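Which chain is which? They are A, B, C and D, in the order written, and residues in each are numbered from 1.
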Amino acid sequence: MIIVMKPDAPANVVDDLLARIEAKGLKPLHMPGSERVVLGALGDERVLGELELEGHPYVEAVKPILAPYKLVSRELHPHDSIVTIGDVSIGGSRFALIAGPCAVENETQLLASAKAAKAAGARILRGGAFKPRTSPYSFQGHGGEGLTLLADVGRELGMPVVTEVLESGDVDLVATHADALQVGARNMQNFSLLKAVGQVRKPVILKRGMSARIEDLLLAAEYILAEGNDQVVLCERGIRTFETATRNTLDLAAVPLLKAKSHLPVIVDPSHGTGIRALVAPMALAGAAAGADGLMIEVHFDPGAAQCDGAQSLFPHQLEALGKQLGQLLPVVGRTL
Amino acid sequence: MIIVMKPDAPANVVDDLLARIEAKGLKPLHMPGSERVVLGALGDERVLGELELEGHPYVEAVKPILAPYKLVSRELHPHDSIVTIGDVSIGGSRFALIAGPCAVENETQLLASAKAAKAAGARILRGGAFKPRTSPYSFQGHGGEGLTLLADVGRELGMPVVTEVLESGDVDLVATHADALQVGARNMQNFSLLKAVGQVRKPVILKRGMSARIEDLLLAAEYILAEGNDQVVLCERGIRTFETATRNTLDLAAVPLLKAKSHLPVIVDPSHGTGIRALVAPMALAGAAAGADGLMIEVHFDPGAAQCDGAQSLFPHQLEALGKQLGQLLPVVGRTL
Amino acid sequence: MIIVMKPDAPANVVDDLLARIEAKGLKPLHMPGSERVVLGALGDERVLGELELEGHPYVEAVKPILAPYKLVSRELHPHDSIVTIGDVSIGGSRFALIAGPCAVENETQLLASAKAAKAAGARILRGGAFKPRTSPYSFQGHGGEGLTLLADVGRELGMPVVTEVLESGDVDLVATHADALQVGARNMQNFSLLKAVGQVRKPVILKRGMSARIEDLLLAAEYILAEGNDQVVLCERGIRTFETATRNTLDLAAVPLLKAKSHLPVIVDPSHGTGIRALVAPMALAGAAAGADGLMIEVHFDPGAAQCDGAQSLFPHQLEALGKQLGQLLPVVGRTL
Amino acid sequence: MIIVMKPDAPANVVDDLLARIEAKGLKPLHMPGSERVVLGALGDERVLGELELEGHPYVEAVKPILAPYKLVSRELHPHDSIVTIGDVSIGGSRFALIAGPCAVENETQLLASAKAAKAAGARILRGGAFKPRTSPYSFQGHGGEGLTLLADVGRELGMPVVTEVLESGDVDLVATHADALQVGARNMQNFSLLKAVGQVRKPVILKRGMSARIEDLLLAAEYILAEGNDQVVLCERGIRTFETATRNTLDLAAVPLLKAKSHLPVIVDPSHGTGIRALVAPMALAGAAAGADGLMIEVHFDPGAAQCDGAQSLFPHQLEALGKQLGQLLPVVGRTL
């Protein structure tokens, strides 16, 4: 339920209302705006009747939140949210390019790849230390050691870093080293993990699951916000369909649709979304044209030698060329690189 | 099989080879280039051995066509094909905007919508006279009468027209009135219809089926080319997936992928690809950014009153705004509107 | 709209009502039952108000048909329909096994395969003369010659025959030779073909399209019934999903679901539904257990030499063993082979 | 790699070989059979050459394991595995019916539902204490309290119990109370959880993910076996497709396919697989006919009042009727209830 207060509602009346909402077993939300205060009350809406809000002298309107997700809905929060990773904002008029290797392999590889990312215009560095792999016999990442290396290289280049966390038990460790935590597609409905990342004060990049509908993704984000962390970036990275010519089917219509339904920023991962190097740049441009707030792209200084996902990693010169095209395209949709 | 002749191969030697290929029961192809002639031989490649091409003094190389589709493959035809509808070329550096109402309803509706299309920069007019509808109780289009009206309005505005043909028996009738024939998604594997449109001398816009893999689409196009009609435009219009928030899932990665595998032009239909008006413009821009040669968009002068697909039809002013954005975006990917 | 007449409604009153329904531009339906007559009125239901049926002395009840499909709905026709192919009934307590080769190749192959089918308990013979093939370079069937051969072998063995028809222009020819016409998965929404098979007086086996929802299949059947042919058998044959280990994903839940929504008989094709010989028998048994009225199975006397779909064709001894198991299983679900 | 020893190979030779395999950094496996011993060596197969097994006097054959999954593959382990939950075996000729409510709600509900399950022939009790829910605002289960209640009721009725574990941190707690741990569809690729359940000595029921291919499911099982727990039961519970008439698309062909590729037992969950009460019994019978080793079915003594998934829960009398039909059907496929 959304409760719009009148412009002249005194602070103590607002505080009193919040206390009464809480006393009824609902979750109270306080959203002060430039002109008026808006309150939220999440939970069993039937008990709201007992608050007799309709006749309240300082309440202008009471409206239900129709979407099953509340905190992430634009109904509750009509303006775009901006999420800040290190010193980089995602969600405003400046576009965020996140790039780096699939996995942190070693210092040489990471540093060279990170420099390539930076040279191409990327402002955030990505790199996997804990790798979720379909087979137990595939390279599983360097874990804690990889985290340290990633943090060191990020510091050296002045780039905040984002890396994936695979289980709730690792959240504190990863949060110590990284500027943002990534929840991967396979864990999008790992609710323990969602709750755990909801309890830290670090931004979260939440990737869409391979079989997740738009509403599932928004409800997964709702788990994080419901725990108190509203620094969430949604990431479209392709869904699983009958098409086998690409690794996944990148559903770019999800970008304008998510932005219509939610105030959270939305980025696109064309690397996992296609799985094919030659398709990454066209789909990166397409994602930017569709209105994304940023991109997450895999780049490797020597893709042929990559320990994972080499086939979808760009060569440094390809990322650089893409950066230039993005710089030209973004102003058409009201953004800059 | 592709047979690359040496630059100095005399014409009579080439003719002789073509005759020998045909005599073996294979389909011969003659593709003269600026420097050298390339021949093709389609069919059971085992009999080619009997031609003893390997030792032939004027044959430079003999290469198999690895793709299951031959005539549409870039292996056989490395340069982009250009398809001409009326006086409009699709496939070169000039982008082709095709727009118009879903169905031809009446003269007022068609003329007003067509003028809106033209004003926004569309150079080809679309409009359905024969409508394939999921339910037998839905409006099925005005048939022959609709065809005449479409042709009249196209002539009046100087726009070539494209319309769907639903069965092989109607191909001649539709070809009489339209400048290009559209084969719809539901008929993409209606092989009788594919053969029939392969036998007329009108360009064909072939829409991807809802459950068609990239290879299925290329093989469907191969049916048309194999009958002698190489004026085929491929159209990505969304596939059917588990996502229900959009009418279809527009698979834009198909655009660069199709262009990598085939020399045929590729356009995108963001109207059917999303089914939601608010998503049409972002996905149109995304399609252009992904490298499409054109767009096919539904516009209606009064979408609320449309007899079909009103929810995905743009208002005239929306198409006009989109046209402006396209004009700015296209140069970034080397094209103009 | 369904109009339930009172038990004592005289015939001339019923006739008069039907005439008035027709006069309003609706399609009248006459469904006499053992106790009372039920009438149907299809079309724009708003004009029904003008008939003043509610106060009619011989009308017991007037109910809307909620499903978008009317004639195929159980709402209109609560009892199971029985479709008769030659002398074989489909839809009652006796189970119908349809078997034969994918394609009619030659007399030896067809006769040997048909004898194997008959020996295993099949009562209807299948075989393709016109073959829809993804590639134009694959074997397309023997056409008219194949039809004649199929009819001859059917006659010789006393088995009615079913074969696919690919386009409306061929419907009369195929109907001359076959006891039932099959509309294939790729043509499930070829509405011209659906209308054409709706106009002949031969039963139709309608296969579910690869991307067809249950409702789409029922609406496709509605096209046939709306033309006057109510002898339609629905066939589940697998849908296209992300799973690549099987050719299609056989959706057996469609069987009880279709039977709940429609009065039409439902059969299962485990050959196309799996594409793998070893899975055909288990899925055939599963289909019977799920409540199917019959099965359509590919058998070939020498699958390794088959011109199409050899990998999914049973050996004769496998079909025979399956027939025995079916004979034991069917009584558990109230049927006999 | 599989190493088949000769029948007369002495034990000390076998031990020596195992030690040498381990010394090369490979994982050694010892599989004594009735006639001969088979050894396995998992890991980088290139180093195996250094063991010079080909010329070894007691080695009969050395064969690669072609599947990407090794321990779960039938190549390595040709006979069916039997998994024992409490005193109930799954995987042999006796069929295992697992039933119970979706969630443990309270003692009355659980006891009544469990008695209904037992009366219908179920030998294992299911019930959720930790519930994975798409929305953070849905009932999340009673947690530890629910576990205790489930264990109590299971003891009272003499039924072993199975319940879902949602995160690695809960594995020990759940293993204390339950006879088997369930890993749900959403967690099928939660690799931390897979590793954790691989380290306890309790059987695991592993449900197929909504977008998991057969190979993904087998590789997920491989994670568990690679940690040392070979008591794994695979569960087909439906995949996500474009069909919206059912909650999921139950892919019954997965049953014979999984059993062909793996030695692990396979069960079917027709409740989640369809989401519709009326489809549960037909699909349960179909699963049994397809060769499943068991079924997992939701039953509730009052489905209308269920806190979750009431629409797919059977009434007690429906489960009882199903039990009777299963008792008749199973002998046809060589099993008993």
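General remarks:
Throughout what follows, a contact is a pair of C-beta atoms (placed from the backbone, for glycine too) under 8 Å apart; a residue touches a chain by one contact, two chains touch by 3 or more.
A quick note: this is a predicted structure, and the numbers were derived from the prediction, not measured.
Matched by residue number, over half of the contacts between the chains of A-B recur in the interface of C-D, chosen from C-D, A-C or B-D.
Rounded to a whole number, the gap between the C-alpha centres of subunit A and subunit C is 49 angstrom. Between subunit B and subunit C the centroid-to-centroid distance comes to 34 Å (mean Cα coordinates, whole Å).
Contacts with at least two other chains are made by residues 211, 239-242, 244 of subunit A.
Viewed as a contact network, the protein chains are fully connected, with every chain touching every other. Interface residues of subunit B facing subunit D in the complex, by the touch rule stated above, are 240-242, 244. Residues 42-43, 68-70, 132-137, 166-169, 186-187, 189-193, 209-211, 216, 219, 222-223, 226, 239-240 of subunit A are the ones that touch subunit D when the two sit in their complex. Those residues of subunit D whose C-beta lies close enough to touch subunit C in the complex are 211, 213-215, 239, 241-246, 249-257, 260, 273-274, 276, 278-279, 282-283, 285-291, 325, 328-329, 332-333.
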